[in-house]
Every structure is written in structure tokens, then in C-alpha cells.
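First subunit A sits with subunit B, and in the next complex the same chain sits with subunit C.
Up next is the complex of A and B:
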């Protein structure tokens, strides 16, 4: 029990409780059902992508292209919709684009052997370029009512489709990471890729699956965004990748791979969302909000080091 | 001393003529508490700070016991941040939200949610293109007349022999800039007087000084015969003028568009930006506040033809927006063209 409380997750949970209690005390609107749903809805694309990014980073890789893939999928949807392609088919094609884009990242990383930082920085620029070419300098809207409703209205009572998708995805990915051989391999490869290869593990195929999943979920997030705001432009998802990576690192996933949990990511998601929502309700401006989140991230890197240092002194 | 352009005002009088004749102007009374938020495109732009000063002036004048908050996203997070803040406004059940929209139609679902929560949504500076989620738009000047004024400035700069002009705009999706550029294109195409002004390109500096500076230099490289850079944004015009000054191109390429006298005074005096135009953002914030407060306190219904008195600025009438179907606007107008003769006085 004490070990659990002293762990990083314990610290995150305590932080979350403090923020949550403060919000509930400081603003009367905070605990309303509508606000609690908005709190998730406003960042739903980022938190869905953070779940898969947890796998990517535990695997000792990075995917910077997810924000641009979101934009590409959303713009492809808008462009095809204008050409008269049935919306259902547009959705399928957009998800396929996500898989293909992820496969391109995976192929360059595993077969050509390039670092994922460089490859996905390249596709960050490339996917964004394609997105902007497709919709040029305009916005596309007037999607079918059912599509907009899916993004904006409750599906199960007040709970919208995207939030249900997030919960389902969390449960599925939790089982995969904690209970399956795929999950164990993700940690093993992330800790030491060479050892994993000597042990006869096909690390290339494993990484390929993770990058394709990352592309697929980013495309899905792009479609969710299009439905939520009812319009697309070339800048959809711009810069989202950094917010997603921030959340995952705050959750205790090591940037060097091999360490981290989805529970940590979930706690970090809740901390960031509650912090943003609370500051918004207290009319704290954008610059200060960004600053506070930045300080939180730096603290999340420093605090474990201080604790490690203490432990070394004691020994 | 200011050269007043009365086109916008004339248009307003023609459109609202019949209703003006009989409608009694509604005096907006203060004293009722109403929480209001002024939401600019993003923070850190001087003109938005000026709009806030105007709104604060009206807030004090009307003795509103509620709060007036000036709050905005960071430039990198403008679209998502605006959506987040409009959603928060609905949660807070604000009386009125005054929005300079930078998110195109993407803002509509959250703005409609705010309306459903009882918040009056009044846009200023930049409207919601479809009008969905908006109660009223406070238009700084008639968008069509901005096109005429920009075309006139370009014509006087290229001279009788004609010449090439390029547009350096803000972001590709800024509804206001796009409407003004379209209005200018229409004027250039339809009036033979402007046949000599050749529009060669439209580029975007994202309302960031460095990007705009580089775009301006790229334009000069790409079009060796370029004579005018028209920047309908205060960030773009200043960056373009500085770029031309740094490259010693001021005699050859003139910069014009919409600028702030205090930022442009040195460039106008040294000839890099011989003339530019703007309206008063302080007045825009003041008028927006009066209209939003009137709607929020139920003194105005927001119907077309309704006339109200906005404090020191006088009477204004709500009318159909000629540029957007199913949308309503209040036209502020007129605006001022600045040259070396009047820019120094205005910059103080």
C-alpha cells in the first residue's frame, strides 16, 4: 500500500484530487454534468491519441506526425464530401489513409532504419502539406446532420460518441498492454531493442503494428474533430502532437522507453483536463494556462530525479 | 484633418432609410448587472487591447455591476482556444460574449451552445461566416467600401501608367480579411478606372511579424515589377514596410493596407508606406459593448430596424448584413485614410 502511494501514479492521483477539490470549491459550475462532459469533449481528440502514444513511447519511439495526420484525414473527408462521395465511404477511406500513413512511418523506421524522430518530423510536414493542398485556403462545412450530431450531441444520455470511444479504447488498450504478450513485448523492445532481437523477437513487425495503430487513431481523431466543430480547414490538429506527448510524459512514461503505464497516462489526462477547465472557468487567460502546464511538465521531470537522488544518499 | 470616407455611412443610410424615418432611438440604460466577456482572436495584438479599452470605457459608463473580462487564447492555439472559451462561456451562463472570430464556421456549434444557455453572442471585427450561433455582428466599416478604399490607395500608388500589386493577408481563414480582399477584387474587375492595377498574387503571413516579413520579401523576389504590397492587416502592413525599408526598396515598392498610425508613422513619413487606412478599434469595442449590453439586459431585441443610442458615439441601426444571408449587423464606419499629412497627429 505504501509502495503504491509513493509511486508516480500515487503522486498523480494526489495532485488530481487537489485540483479536482479546488475546482469544485472555487467554481459552482464545475461539477455540473454538462461541464464534466465538455471537459472531456474539448480535448477528446488529444486524449484518444495519448492512449496510443503511450505504446509508441514505451516502445522507445516517437510519432510527431499525429497532429498532421488528423488534419490530413479531416481535410480528405471534407474534400471527398464536396466531390460527392457518400459520407460513410469517406470515413472508411480516411481511416485507410491513417493506416497507410502509419505504415509509411513504420516502413521508413523499421525497413530503412531511420530514427522515428526524423521520419515523423518529415511526415508531420508532408501530411500537413497534403491537407492544405486538398482544402486550399477555405473552410469546408455543411456536413450531413447525423455526422455533426455524432460529434456534438449525446449518444448515451448526455455522453457523446467520442467519449464512449475513449472509454472503450482505454479498456481494450489496457488489456493489451497489461495482459497480453503484445503488451509485454512492447516493454521488452522498449527497454532494449538489441536484446529483444537476439531473443528472436520480430521487433520490426511489432513497431509496424504500433505505428499503423497510431496513424489509424490519428485519422479517427481527425474525423471526430470534423464532426465536433462541424467544419474542416487546413490547420486541423496543428500542434496537437506536442500536447499529446506532454500528457504521456507527465503520466510517467519514460521518453527513453520501457517504462510507463496507461493508468499513469489516464491520470495525467485527467490532471491536464481538470487544470485547463478550472482555469478557464476562473477566466485565466491562455498564456497563463500554457505556462502552468509547462511548469507541471518540468516538475514531472525533476521530481522523480530528486526522489532518486534521496534514495541514492540513503544507500 | 482626417480624410473621411463616407461610403459606408451612405450605404447604411440607404439600406436602413425607411425604418430610420420612424424608429425612435432606444437609449441604453445602465445599472443592471451582466457578466460579459470580450474574446479577441488571440492575445498580444495592440488593436485588440484598444478594443478592450473601449469596452472598459462603456462598462464603467453604464455602471454594470457584473464583470467584464478580456480573455483570449495564445496565437498558436487560437482556433481550439476560442472554441474552448466559447464553451466555457456557455457553462458560466454569461450574459454576453463579444467575439472576434478566428475559427471560421468551426466556432458555430459552441456559439450555438452558448446561445442555448442564454448567452448573447455578438461578434465584432470578424464575424461567423455562416451567421450560425451569432446574434449580431458589429461591422467596423462596410466590407464593400474597404475594397473601394484599398483599390483607390493602390491606384494612386501605381499611378496612371498602371502596375502590379500583391496582397499580403493574415491567416487564410480570417473571415474579415477574405471578405475585404474579395471586395477589392470585385472593384478592380468591375470598374474600368482600376484597369491599370494588376493583382498578381495573394499570400498569407499568418498575422505573425516574422512570417509576414519573409512573405513580403518573397513577393519582391517573385515579381520584379511589383509596385504595391497591399496588407489588410496591422501585423502584415508593418512587417512588409519594415522589409522594404531594410532592403532599401521603398521608392520602388510601396506598402499600403490597414495599419495603426502609432505603428506606421515612421514608415509613412519616410515613404515606405505612403498611405494606409484604419478605423478606431477603441470605438469598435465601445459600440460592441453597448449593443451586447443592450441585448443581454433585454433593452434591445436584436430585430432588424431597431435603432439605439450608443453613448458618446450616437445612434446606430440594426440591419441585414449585405455580405451574409440571414445575418444581422450594425455598421460602425466611417474610416480614415492616413498619409504623411495626418499620421503624426493620429499616432500620439
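Up next is the complex of A and C:
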């Protein structure tokens, strides 16, 4: 029990409790159901993508293209909608675009052998470019009512569709990562790819699946964004990759791969959301909030090292 | 024959060939593309990017990356602008030194965190990119810098013509930037201290065993990258005059793109400043060409840029893998032959 509390998750939980208590004490409207749902809803795309990014980073890779893929899917949806394609079909095609984009990343990384940092930096620019080609500098709105309603209104009581999707996805991915051989392989390949290969594991195929999942979920997030905001522009999802990666690393996932849990990511999500929401309620501007998150990111890497260093000295 | 030329030289020749091919292609497509105006436009914008790309190259050579350069350019442009607005009679040298020092300060923060706190550079600079930008927003207090408040010497500097070849004007900003690139290139190829960047990047353990203080080398690379971004911030202010809090956004990706297209290996250890400079020109030439090419909408330029980066890195990786393999085979054959001879 004590060991558990002293772990990174324990520290995150304690931090979360402090922020949560402070928010509840400082602003009376914080604890209302409306604000609690709003807190998730405002960043719902990022927190959904953070779940898959956890797999990507545990696998010792990175996907910088998710923000642009979000934009591409959202803009493709808007463009096809204007061309008169039925919305249901648009959604299917957009998700397929996500899979294809992820497959392109995966192919360049596994078959050509390029580093994921460079590949996804290239597709970050490329996907964003394609998104801009589709909508140019227009904004597209006037989506069907049911589509907007799905993004903006509660589906189960006050709980909107996107939040339900987040919870379902978390449960499914938790089971995959903790209880399935695919999850174990994600850790094994992430800690040492060469050893995994010598052990006869098809690391290329594994990475391919993860990158395709990352593209698919990013496209899904783009559609959620279009529904929530009720409009798309060329810059949908711009810069989201940074926030998503910050959340995942803050959750204790190692940038070198092989270490991390989805529970850690969930705690980091809650910390970041509560922090932003609390600062928002206290009228602290968005840019300053981003600065605070930036400091948190660096601290999240340095603090565990100091603790590890002490332990090493004690032993 | 090909084997006698050093791979880096070969790479620069290939880059020049690609530059010529792209220029020829757009010349056939766009009426009056190849003109003095084209040179003037590209040289003005490359003047800023070349500085950032040079700094980025030094950092990438040591197996790191600096994603905060865009925010540093923005901050320095704004800070230098407000400095000269408040003290109009400040001398140019002082303002330039102020810009470089600010940049060095930001680079020092990155470098200390990467080299001594040993946080991976992608995390540090991802965080400082956000942090420096939010510092700028706080610092600016919602105001912007406007050209009207800047002294004439500053805004005239980038457009001052040093000499002209026909319609091609070699402007002061571009000349200054090329001078920095040449000095940096000479230093990187001739100076013992600069070779340490390559040593640390190609094999940190070996460099350590050879008595190189790897942490200090990485720190210096980040400080220099900060200085370059600071100088680019100065140039940015001089060229555009009107500075808002979004100044320099996106420079981090473009500078990485320039370096990578210019043949700097993203895994560190190989690449040249001249290569990154040519990479910056290539990226700008393509952008300019695509904007004016009637066949595709100007919105294609980002999509093409992304493809270009991927193509450059893929070709580079495949070719260097082949070369390494061929060299290993040759060495094996020679070894066998010498054994037979004995």
C-alpha cells in the first residue's frame, strides 16, 4: 500500500486531490454537474487522443501528426458534406482517411525504417496542407441538426456522446493494455525492439496496428470537434499534439518507451483538466495556462529522476 | 569516381541540382518566374530562416532537437522592438547584442535542462516552446510593436542594397545572414571545438571515452541555437516592423525541415550548415513557386512541403544504407583478397 502511494501514480493522485479541493474551495460553481461535464467536454478530443498516444509512446514511438489528422478528417467531412455526400457516408470515409493516414505513417516507419519523429513531423505538415486544400480559407457549417446535437447535447441525461465514447474507449484500451498479449507486446517492443525481434515478434506489424489506431482515433476526434463546434476551418486541431503528448508524459509514460500505464494517463488528464478549469474560473488566460502546463511537463520528467537518484544513493 | 567524392559534398551537389531542376520546372510553368524579383523575394525570407536553420543544425548534430526556436524568434523580435521603441537613440550594436543575449539566455535554459538535468530535448523544447510563448504574451500585455515607432536605420537595414547584379539585389539582411552561414560553416569544418559536436552526435560513449565533455558540448549547441534564433528575431523585427504575439510561430518546423532536407541526419553526427542553408532556400523556392503556379491552389504548399521532407529523409536513409552496405562488402572483399595473397 505504501509502495503504491509512493509511486508516480500516488503523487499524481495527491496532486489531483489538492487541485480538486482547491478548485472546490475557491470557486462555488466548480462542483456543479454542468461545470464538471463542461470541464471534460472542452478538451474531449485531446483526452481521447491521449489514450491511444499512451500506446504509441509506450511503444517507444511518437505521433506528431494527430492534430493535423484531426483537421484533415474534420475538413474532409465539411468538404464532402458540401458536395452533397450523405453525412453517414462522410463519417465512414473520414474514419477510413484516418486509418489510411495512420497506415502511411506506419509504412514509412516500419518498412522504410525512418524515425517516427521525422515521419510524423512530415505528415503533420502534409495532412494540415491537405486539410487546407479542402476548405481553403472558408469555414464550413450548417451541418445536419442530429450531427450538431450529438456533439453539443447530452445523450444519457446530461452526459454527451463524446464523454461516453471516452469512457468506453478507456475501458477497452485498459483491458487491451493490461490484460491482452497485444498490451504485453506493446511494453516488450517499447523496452527493447531488437530483443523483441530476436524473440520472433513481428514488431513491424505491431507498430503498424498502433499507428493505424492512432490515425483512426485522431480522425474520430476531428469528427467530434466538428460536431461539438458545429463548424470546421483549416486550423482545426492545430497544436493539439503538444497538449496530448504533455498529458501522456505527465502521466508517467517514459519518452524512451516500455514504461507507463493508462491509469497514469487518466490521472494526468484529470489534473490538466482541473488545473485548466480552475485557472479559467479564476480568470487566468489561456496562454498563461499553457505556460503552467509546460512547467508541469518538465517537472514530470525531473522529479521522478531525483527520487530515483535518492533511492540509488540509499541502496 | 563517385566513391572518391565525400558523401557530404555529393549531397550538396545533389541539392544544387534539385534547386536548378525546380527552378527550371517553375520557369516553364510560370511566365516571368525566373527574374530578379524572385531572387529578391527568396533572399529576403531566407535571410531569417537561414539563421534559425543554422542553429537548428548545430543542435540536431548532437542528436537533439530545438522546437522552441520559433518562440525565441517571436520573443526577441518583440523585446527588441519594445526596447528600441522606449529608447529610440540606442545604438544598432547594442540592440543587436541585446537580441543575441536574450536568445542565448533562452538557449541556456534549454541547454541546462537537456545537458545537466538530462531531460530529453524533445520534451524540454516542447515545454519551453509553450513557456517562452506565454512569457511573450504576458510581457506584451496585449500590445503590438508597430513600424511607426521603429527608427529608420532598423527598418531600412534589410532592404539596403549592398550590390546588384542586373535585377538581382544583394540586400544587407541577406548578405549579413550569408556571412553568418559561411563563418559557421568554416568553423564547423575547421575548428577542433566544433568537431566535438559531430563526435558527440555520432557516438556519445566514444566521445566521452575520448575525453570530450558531452554535456558541455550539448549545452553550447543549445546556447548557439538560442543566439541564432535571437539574431533571427532581430532580422524579423527589421524586416516586418509590425510584431504581434504570434511572431515566429511555425519556425521550429520549418527550420527542422530545412536542416533535414539539407541532409542533416536527424539521428545526429552528420550534416553541414551549408546543406541546411540550401535546404532553407529549397523550401522557400518551392513555397514561392507553388503560390504562383496556376495549376494548383496555393493551399497545396504545405502538403507539398510535408511530402518533400518525407521524400528527402527516405531517399537519404535508403541511399546511405546502400552506401554503408557497399562499403562493408568492399572492405570484406579486400580483407579476403589480402588474406589470399598471404
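Basically, the second predicted complex is superposed on the first by the 315 of 315 C-alpha atoms of A that agree within 3 Å, B and C clash if a C-alpha of one lies under 4 Å from a C-alpha of the other, contacts with A are read in each partner's own complex, and residues count from 1 in each chain.
Just so it is clear, a residue touches a chain if its C-beta (ideal position, glycine included) is under 8 Å from a C-beta of that chain, and two chains touch if they have at least 3 such contacts.
Remember, predicted model here, so these are calculated numbers, not experimental data.
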With the two complexes superposed on chain A, say which partner A:118 touches: subunit B (first), subunit C (second), both, or neither.
-> second
Where does A:245 make contact in the superposed view: on subunit B (first), on subunit C (second), on both, or on neither?
-> second
For A:42, select first, second, both or neither according to whether it touches subunit B, subunit C, the two together, or no partner.
-> first
Comparing subunit C with subunit B, which touches more residues belonging to subunit A?
-> C
Where does A:175 make contact in the superposed view: on subunit B (first), on subunit C (second), on both, or on neither?
-> neither
Please work out whether A:229 is in contact with subunit B alone, subunit C alone, both, or neither, and reply first, second, both or neither.
-> first
Answer with first, second, both or neither: which of subunit B and subunit C does A:303 touch in the superposed model?
-> neither
Name the contact category of A:290: first (subunit B only), second (subunit C only), both, or neither.
-> both
Should A:141 be classified as contacting the first partner (subunit B), the second (subunit C), both, or neither?
-> first
When the two structures are overlaid on chain A, which partner does A:32 contact: first (subunit B), second (subunit C), both, or neither?
-> first
The intersection of the subunit A residues contacting subunit B with those contacting subunit C is 136, 234, 285, 287, 290
Hey, which residues of subunit A end up touching subunit B in the complex?
-> 29, 32, 34-35, 38, 41-42, 136-139, 141, 148, 151-152, 228-235, 239, 276-277, 280-281, 283, 285-287, 290
Residues of subunit A defined as touching subunit C within the complex | 62, 108, 112-115, 117-119, 121-130, 132-133, 136, 234, 242, 245-246, 249, 255-256, 285, 287-288, 290-291, 293-295, 297-298, 301-302, 305
Seen from subunit B, its contact residues with subunit A in the complex are 37, 42-43, 67, 69, 71-74, 76-77, 79-81, 83-85, 87-88, 91-93, 103-110, 129-130, 172-173, 204
In the complex formed with subunit A, which residues of subunit C make contact?
-> 65, 113, 117-120, 122-124, 126-131, 133-135, 137-138, 245, 253, 256-257, 260, 266-267, 297, 299-307, 309-310, 313-314, 317-318, 321
